[in-house]
Every structure is written in C-alpha cells, then in structure tokens.
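Across the two complexes that follow, chain A remains constant while its partner is chain B and subsequently chain C.
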Partner chain A sequence: MKIDVPIEQLLRWRLARAEAEAPAPLRAARLLHLARPWWELLPERFDHLIQRLRTIHVEFGHAMADPNQSPTGYRVATLIAGEVENVETAARILYLSAHSARLRMRFELEQRNMPAAIEVTLVDEQTGQPLLCASATLSLESEYRFEVELPPELARSWQRLKVTDRMPFRFLIRAGKDT
Partner chain B sequence: MDIPDQRRIGGSVSADAEDQPHLLDVSLWSDASLITAVRRDPPDEAALDTLVERYWGHLFSRCRMLTVDTQKATDLAQDAWHRVLRARHTLKPDGNFPAYLNTIATNLWRDRHRSTRRAGSLADNRVASLDAPLGPDGDETITLADVVPDLNSMDSADQQLLAMDIDHALQQLTPHLREVLVSRFIVGESAAEIGRRFNRTEQTVSGWLREAIRIMKQAMEEPAQPAGPPLNN
Partner chain C sequence: MRFVWFWTFWHWSKESFRSGALLRGPLEGIAGHWDEWFRHEAAESDLKAIEEAGRNQSVQREFIAWIFRHWARDTEWRGKRLVPRFVVNQLAGVPPFHQRSAFEKYRTSYRLPGVSALVLGDKSAGMPEDVRPVEAILLPTNATGQPTVSEGFQPDAAELAAARLSAESLLSGKGLLRFLARWIVSGKRPYPRWLSTAVFSGWAALGGLTMFLLLGPEPGDKLYFLCAALVGIWALLILITAAALGWQCFRAWRTGVGFRRQLEVDQVRLRMNGGLALKGGSAGLPFCLNILLALYRACPDGARHSWIWRRFFGELHSNASGWAGTGVITAEGRLTPVVLEPKLHACVKSESIRHVITPRQRGANLDSVDRLIEESPATAKESPTTRLPSPAMRLGFAAEKRRLQIHPCRHIGQAMMAIGFFDDRRQVATNLFAVAISATILMALPDLRSILVPPPAPMAVEPASSSPYYLWVSLDTKYPDCFSAVLESGYWSNRRSDVKLRGGVKPSVRAEIQLHRLIGRTASNNDDGIVWIERRRHFLGREFLPGERVGRYSIVYLTHIGHE
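Presenting the complex of A and B:
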C-alpha cells in the first residue's frame, strides 16, 4: 500500500527520533573548560606570539589614495603561528561590516600557500589583548572570509568602522593541529 | 514532583524559592534562574548541567537534521554551547533560551557552509528556473510504500529503514537547502521570514523550498534512481 505523507510529518518524526537517540551531553566542567579561548588554555604560547606580533611593522597604504585602485583597506600586521615556525606577514582588509553585533570580513593574506581554513585571532593594536577569535575560510577568489558575533563593547565601538579606516587590531593566525 | 511546563521551561520559580535556591532541586529551577546562575563568576556548574541536560536533546536533534550525521551533530551542538558560554555574561535570563541556542547552532552551521552556498548550485541566477511549479498545487507530500499513517506504530525495523531513507534524502540536499527545509518545516518559519534572514525575496525562498522538496521526493520515491552523490555535509 502506498500513502502520501506530508514532508513536515516525515521531518518532525525524524527529528523526534533523533532527539530520542541523542548521546549524553558533556558535563558542565568539561564544557566550561573547552569554552575557554585558546589564549587562556595556552597562555605562555600566546604571550610568546603576542610579543612577536607586536614587533611587526607594516606600511599602511590608504584605501582611497588612488581612485583607480579597488577600494581595499589598510594592511594589517599579521603573524602566522605555525607548528614549526612563525611567519611575519600582512593582510589587506577587503571588506568589513560591524553592524548588528556581527563582524563580517574579507581579507587577503600576502603569505601564499595557506590552508583553506584558518583561525584568526584579532589582537588589540594598542594593548596587545586578544579581542575575538574566528574561523576563516578561503574563497574561490583567494580571499579569506569570516563572520562572527561581536562582544557588546566591540559591537558598540566598531559599528562605524569602515574598510578604509586604520584597523584597531592585528591578526594572529593559527593553521594547524593546535587550532 | 510534578512541575508545570510553564514553570519547567522558561517559567519562573516562586519568589521564596528564588530567595532560597538551596531548598530546591536545581533541576526544578526556571531557565531564568539557571541562566542567572550561569552568568555569575564563577558559573554555577550544577545550574549549567541542568540547562545543558534540559535542552541537549532538542539542540542535538536540530543539529542532526542539519548535518545528517551523529558525530557532526554532536560537534555542532557542543560548539554552540561553547559559543554560548564564551558570551555567557551577555545571556538574557528572560529571553527564549532554547530558541537562542538553536539560532547559535544554525548560525555556526551557516558560517561553515557559507562558501559552499556561495559557489553552490543555488546561485541567484538559477532562481528563475526554480520558480516553475513543482507539481500540482505545490505538493508537499511524499508517496511512500509499506508505511502506515502513524509512523510510530510501524515495527522498529521499518522505523529504522524509514529513518535511513529520510537521512539519505536529506543528504542529497546542499547544506543550504537543508537549512531552509528545517527552517520551514521544523521551526515553522514562513518563506517570507526565511527570506528576511537570507536577505532574499519570498519568491526566491519558495523556489529553494520547491527544489528541496523535489529532491526529497526523488530520493524517497525513486530509491533506485538517487538524485546524485551526497553533497557537502
């Protein structure tokens, strides 16, 4: 016998079955541990990388200086933390939007041959304090993109930030097993 | 102790109980009380355990529908919790916590597949063709053999097979189409509401839904001729 089953009924039935088969959740202590940002889990490593990152000097070229150029932003000092060695480089911000408490960004790394997925930590340009961390993926246009929720204080202070502004952060990039 | 739903989920415990939480089993606390305890420094682990257990199954099942994979669903659900806990000071005790949790998981899922969607088969230039009617009257049913109207009354082996068939059909969808399907039929959002979230028109979302249903129907009604290899899970 064949019957017509509404797709909504099928999906809700599958959903209920999945809920019944859910594995046990992690305990609070474990969740809280894993939720800590990597710089708290690896403070010595972070301090070492920050010291190196803060020594990087890049030439800042204003985005709109040449009207014939595409509207790309300032170069951002970047340190790529590798498993074997760390690489100093720069990133150029191609797009930035900090509306609705979400940061959307596209950027291009001057360092080539990077993996398709990297972890970007934004570090305060002035203080060297970590601001936030996001996973960025490489697009077909060889640009990295990410979108991440902004902490309330950054959402307020960055809501007028434009791609043509000098960026108030540096990039610390991790790509490898320890990400 | 029988606790009414409005008290167990999102409701409020009496003022006396709030003043003396040690007198109550933490599992009986309202979401608001639990969230307040989780916001503290250091967070109350018993409250967090209760909150996690209260919504874990709900969150996992939603993630399972999106990922069609138990391990990936577990990872996604845990990542959603990590995200929530990293911003725990900003949690709103009076907000709709389970909806917030699901939104976080869905956003994570979308972020991970953003590039897939951008380069996928549903670019805007294909939308016009998707506007063509799928079938008579926008048919939203799937014709199945060897099932009964009450799916839960089937024997366990048949239920297992049906679950596998549904999973197979979901796997034929792009992550984006799967999310749209879940938003429409599980969350209950309208095409217009989904469209606002994706910054697309209601017509575009209707096209996405028609395409998703067409693929599901093809996969479940004609299992000998699958729609194609599984797309990016």
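Presenting the complex of A and C:
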C-alpha cells in the first residue's frame, strides 16, 4: 500500500468522494416551498383544525372562598392534531417573557404521554388567524418550553402580558410524522 | 458565599413571580424556574461558578449541605424541614444537576419512605414490583391552587381528593371520633405501670367486694363501711378513667385540628415512581396514610402534646417501609373491598413488607396469607450451597420465619389503631370487667343509697284496718322497700310484714299484719302489743339482717288512727 501521498492530494480525494456520495441539492422552488409555514401548505387541514379549535371552551367560574388565594392563571384552549384523531385539551402557561422581540414560554399540557418534541402554533383567540409557529421541547414532566422570534406588532402588544392574564391565543399542537 | 449564584437565581425567580412572568411560586416551580434561568438568564460568571460547584462529588455534596443548612434558614421557610429536601429533589432532575452523582440518590426519591401501595402491573398476578413505594411531602405553598400534586404517576383526581378528605376526617372529624371510640374500648392507655396496676387492682377489689356482699357472710355493722368502700372506690376509678380518657381525647382533638389547619393551606406532593396511569382507586388508603405521615414529617413537634398522635406517628414514621396498604377510601374514611389475592401474593414475595392493611373483606385473614406463604416458591427449602472455608465447619440456621401480618379494617380509624399498635387485649378484658362491675353497681345503686343515705323515718298515718283480723301499719314514706313492720305482743303471735304500696278500697303504703291470738290468752288483753318500724337493708337480691328501729306504735294507736 502506498503511504507517501501528500496531504493535499488526500484531501482532494476525500472531497471528490464526499461530493459524489452527497444527495442532489434541492431546487430553489422546493426550498421556498419548505420555508412556507404549514398552514399555507395544508390550508384545508388548517381550516378544519381551526374550526375545531374555536369550538373549545375553557372558562373558569370563580367561586373563591379565600380572598387571599393566589391567581392560578387562565387555561389556554388547545387542540392536539394527531395522525389518527384530534384531542381537545388545555394548557397552563407557566412562564412567559416577551422582551427584545423574542418570546420565551413554558407551558404545561393537561394531556399526558406526549412526545418530547412538538410543534406549537399560536392562533389568535379572536380571529383564528395563525400568529406564529415554534418547536417546543419537553423540559420536565409534561412541561414544554420554546423560544421564538416575535413579529413586531406582537412584540409590542405582548410586552406587558402576564401569565395570570387571559391569553390572546390558543394552541394548535402537531405531534406526529407530518411535523 | 461560594454559592451566591443560587441566590441570584432565587431572587430572579421571586422577582419574576412577583411581576407575573411565572405562574408558580418560587418553591413550587423551582425545577422549571431553574431550567429557564440556567438556559437563558444566568450570566457567564454564574455559569462558570455553577460548573465549578460540580467539579467533583465532594463539592457537589457541599452544595447540597449548603442548601440544607444555610439556604433553607435564610428563606421564609426557616424551620420547615422538608423544604430543602424538596429543593434538592427538584434540582436533581434538571441540568446541570441531573448529571451530578451526588444528586443521584435524590433524583427519584425524597428519601422519606412511606407506606407502600399495592398496584398491580398490567396482567400481573402479584409480583414484588407491584409493591410500590409511595412518598409524600408537604410544601408550605400552594400558589397554583392544586392541593395535591402527583409525581411519577397519573392518578384519578377524585381519588386524591378522597384520600385528602379522609385524612382531614381522621385529623379532626368523624374519622377521629370513630378512632377515639375504638381506642376507649380496646386501646392501650398511656398510664405509667403503677397507675395501670392500681386501676386494675381497684377493679379487682370492687369485684371482690361485690361478691362478698352478694354471697359472703352476714356483715352486720360492717355493712355501711363495705358499701361506702364499694361506692367510693368505684367513683374514684370512674373519675380517674374518665379524666384520663377525656384529657387524651381532648389533646388528640386539639392536635388533630392543628394538623388539619396545616393540611388545608399546604400542598401535598405524592410520589410513586413508574409512570403508571392508575386505573381504580385501591391506592387511596396508602395515599391517605402517606398524607398523614407527610404532615408529621413537616412538623413533628405538632404531635408532642398528644400521646395518641405521638404514638401513631412515631410508629408510622419509624416502620413505614414495612407497611403496605390497599383499599378504596371514601371521603369519610370508609374502606371498600378491592381485588386482594394477587396483592397479597406480591406482599408475600416482597422482602420488605411485614404488615399489610386491607379492607375487611373475604380473603383478608391470616389463613389466606399462610396459604399464600405455603404456595410461594420462596418458602421451598433451598439446599445450602455456601462454600465453607473448612470442611469441619457446618452451617447453623437461625433464621426467623418471616410472617406477614394482615390488618383488615373497615375504616381509616381502624387502620390508625393497627399502625399505632393500639390494640390491647388486657385492656379489653379490664374494660369488660369494669363494665360488668359498673353495671352491677348501677343496678344496686338504690340499695346502696338506702344503706349509705337512709331515707327519713316515716310516721304512721291512716288508714287503719276496718277488719279485726288485720292490723294495718300505714306509713308516710316514698321508700316502702326500705322499711318493715314487726309486731311484738304477749297476746298476739309475733309477726313481721314488709311495707308495700297496696291497693284495694283504701290504697296506701302499708304493712298488713294478720292477727293470730296465742293459745290460752283471754280477750281482755287484745290491745297488748307494740309495732316496731325497722329499716330493711338489701343488696340486689340479698336481704341482710334488719337495721335500726325507727318507729314504735301500740296496737291501740294503730287500730284507732283516723277513727278518733
């Protein structure tokens, strides 16, 4: 076996081999397609899910006996879009920080046994329009966290939002192969 | 100040909670808060210091010790013993502590063993793994309004609520009343040995006195002193017993109320590892017992004024890992039947379980346990395969045969009796004896009263007998049983007659004496005779010799009374 090969020649050989084995680059159209949010790619499914999501009512009836009771936050109506069935549930916002045009959020799902990574779409409570989409990861038992850039108009209006306020959005969660 | 970064985190957490960025309180949500702070908020210098604090196991242990000894003291939960334990447990599951070896033992446990739950795995016929350790901890915070939180399993919310309510009932409700009633009947007493002996001797003396009065020789003049001793000793024993029981019940109630108030404001966290989604409510009983144990562990001084609670919690705290329980529990503390045989199988196979509490149902008895032990392959005799250092040495088997104790209960109060080992057969025997003696004395109380506090001497009143053959001795008394009339005459034959309430044309309280002339007497002496009124003394069915004479009347007076 010949061992006195210059290193430059060896690197060129390795590069040529890697290029030969690499998959073909995606076309620009395909890249643009992939960059679009999922609700634009699957508008009919999104409409169907939004209709279902808007039917969920999560309301508190305040029958407090203790005047010193701490606020326990509002639950956020949540629809988990599965491959086989959609599950209506609720989430509790545990941490919310909307500063410097970035949203950091932790929430707890009432539905247990969820995968470690899910895709969360925040949908406007009033209009049903999608606001933003983020990947959330499991942090603790049934507690998810995500961080996402906020559009300027949301960054302004959500800056003073507290976890104990009624949330101006609902959750649409996708957890499956199509995410 | 080596761990100043923890204070930085802590103040960030408190400030974020105050400003509304965090929903849970700093303590309740410490794991998630730390995760967020560590990922996004910690400064470069903090991260370096945190890394430094995990350099080796010794420094890691130092940090844990600092949490226990220093941090906990400087927070508002000073003196709350379980808070640092909870903090370390929560931190052990998040980065970077989740990879640090010193936190290993805190990762899946609070290291506070509790009463195990018997929860069968899918299609299990009863394996040692089905005996599932349960731990409970009490947190002095409840910012999110969840009174009971489950960790490591998914319960039915109603089941947790029922367990909590039944614990409250046992602390100061119907549950405690049921327990106290049972304890009064058959429970061990907190008396010193000399007092127990004195009380027992007192009841024995009462038994002896009662038998003497019923069957013994005629006491004569000593009757008064014997009856006085009987009533005096009985009253003293009743007083001592009532005072001791009343005081213990009062202290138990007060202590229970204190614990209940604590439970109402604090959050209970129940941990059972394994990620089970519970189907059915048979873990309700162990949950309830562990909630009680968590209360005690959070504040052991709370039980110091009540001997009952001290004993119960002391036994539960020191032997909790040897106990297992199963049973659906209602909010009132009643236990309803469950699937039992596979659970007993699991207990028999488990190395650690010595006692199991079950609902009172079919199969919940020692015979069933013995049968299961016989059937268990673990009891099959194994041949000794141990290699001995010398052929001359022989093995000597001095192993004690393990026996699983089963405690069938209908109510959580009964479970408390079992765990505290309150049942005392000697006390039951003493109580039965005392009840029998007391019932006898109560029945004899009118007789004793007439001996000790005799009624006033009566006067002879009308009506007199209209018949020449009868002498009526009518008396103005409300206690006819306490008197008799005795005729002493040289003309008429002597006679004795009891005073009774008599009816007829002229009803009255009187003695009727039939007059019989003695042989050989002339009619001129027919007024000869004296009627004495004597006190009668009796004890239950026994009549003693007559007592003091309290009246003397001539026949003439008695026959003419009302006819003047």
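Heads up, the rule we're going with is that the second predicted complex is superposed on the first by the 136 of 179 C-alpha atoms of A that agree within 3 Å, B and C clash if a C-alpha of one lies under 4 Å from a C-alpha of the other, contacts with A are read in each partner's own complex, and residues count from 1 in each chain.
Criterion: contacts are C-beta pairs under 8 Å (C-beta built on N, C-alpha and C of every residue); 3 or more make two chains touch, one makes a residue touch a chain.
The structure displayed is predicted, hence computed values, not measured ones.
Q: Where does A:Lys162 make contact in the superposed view: on chain B (first), on chain C (second), on both, or on neither?
A: After superposition on chain A, A:Lys162 lies in contact with chain C alone.
Q: Based on the superposed arrangement, let me know which partner A:Val84 touches: chain B (first), chain C (second), both, or neither?
A: neither
Q: Once the shared chain is lined up, is A:Ala18 touching chain B (first), chain C (second), both, or neither of them?
A: Touch partner of A:Ala18: chain B, not chain C.
Q: Who does A:Arg112 touch here: chain B (first), chain C (second), both, or neither?
A: A:Arg112 sits against chain C, while chain B stays out of touch.
Q: Looking at chain A, does chain B or chain C touch a larger number of its residues?
A: For chain A, the partner with the higher number of touched residues is B.
Q: Applying the document's definition of touch, where does A:Val5 land relative to chain B and chain C: first, second, both, or neither?
A: The answer is first: A:Val5 touches chain B but not chain C.
Q: Under the stated touch criterion, which partner chain does A:Glu143 make contact with: chain B (first), chain C (second), both, or neither?
A: Touch status of A:Glu143: second partner only.
Q: Taking the superposition as given, does A:Tyr95 touch the first partner, chain B, the second, chain C, both, or neither?
A: A:Tyr95 contacts chain C only, not chain B.
Q: Which partner chains sit in contact with A:Leu31 here, chain B, chain C, both or neither? Use first/second/both/neither.
A: After superposing on A, A:Leu31 lies in contact with chain B but is clear of chain C.
Q: Find the residues of chain A that appear in the contact set with chain B and again in the contact set with chain C.
A: Common interface on chain A, chain B vs chain C: 139-140, 145, 147.
Q: For chain C, which residues are in contact with chain A within the complex?
A: Per the stated touch rule, the residues are 16, 19-25, 29, 31-33, 35-36, 40, 93-94, 142-145, 151-152, 154, 277.
Q: Under the stated contact criterion, what part of chain A meets chain C in this complex?
A: 69-70, 72-73, 92-97, 104, 106, 112-113, 139-141, 143, 145, 147, 162-165
Q: For chain A, which residues count as touching chain B in their complex?
A: 1-23, 25-29, 31-32, 34-35, 37, 135, 137-140, 145-149, 151-152
Q: Can you check the complex and tell me which residues of chain B touch chain A?
A: 43, 45-46, 48-49, 52-53, 56-58, 60-62, 64-65, 70, 73-74, 77-78, 81-83, 85-87, 90, 107, 111-112, 114-115, 118-119, 140-149, 151-152, 159, 162-163, 166-167, 181-182, 185-186, 213, 216
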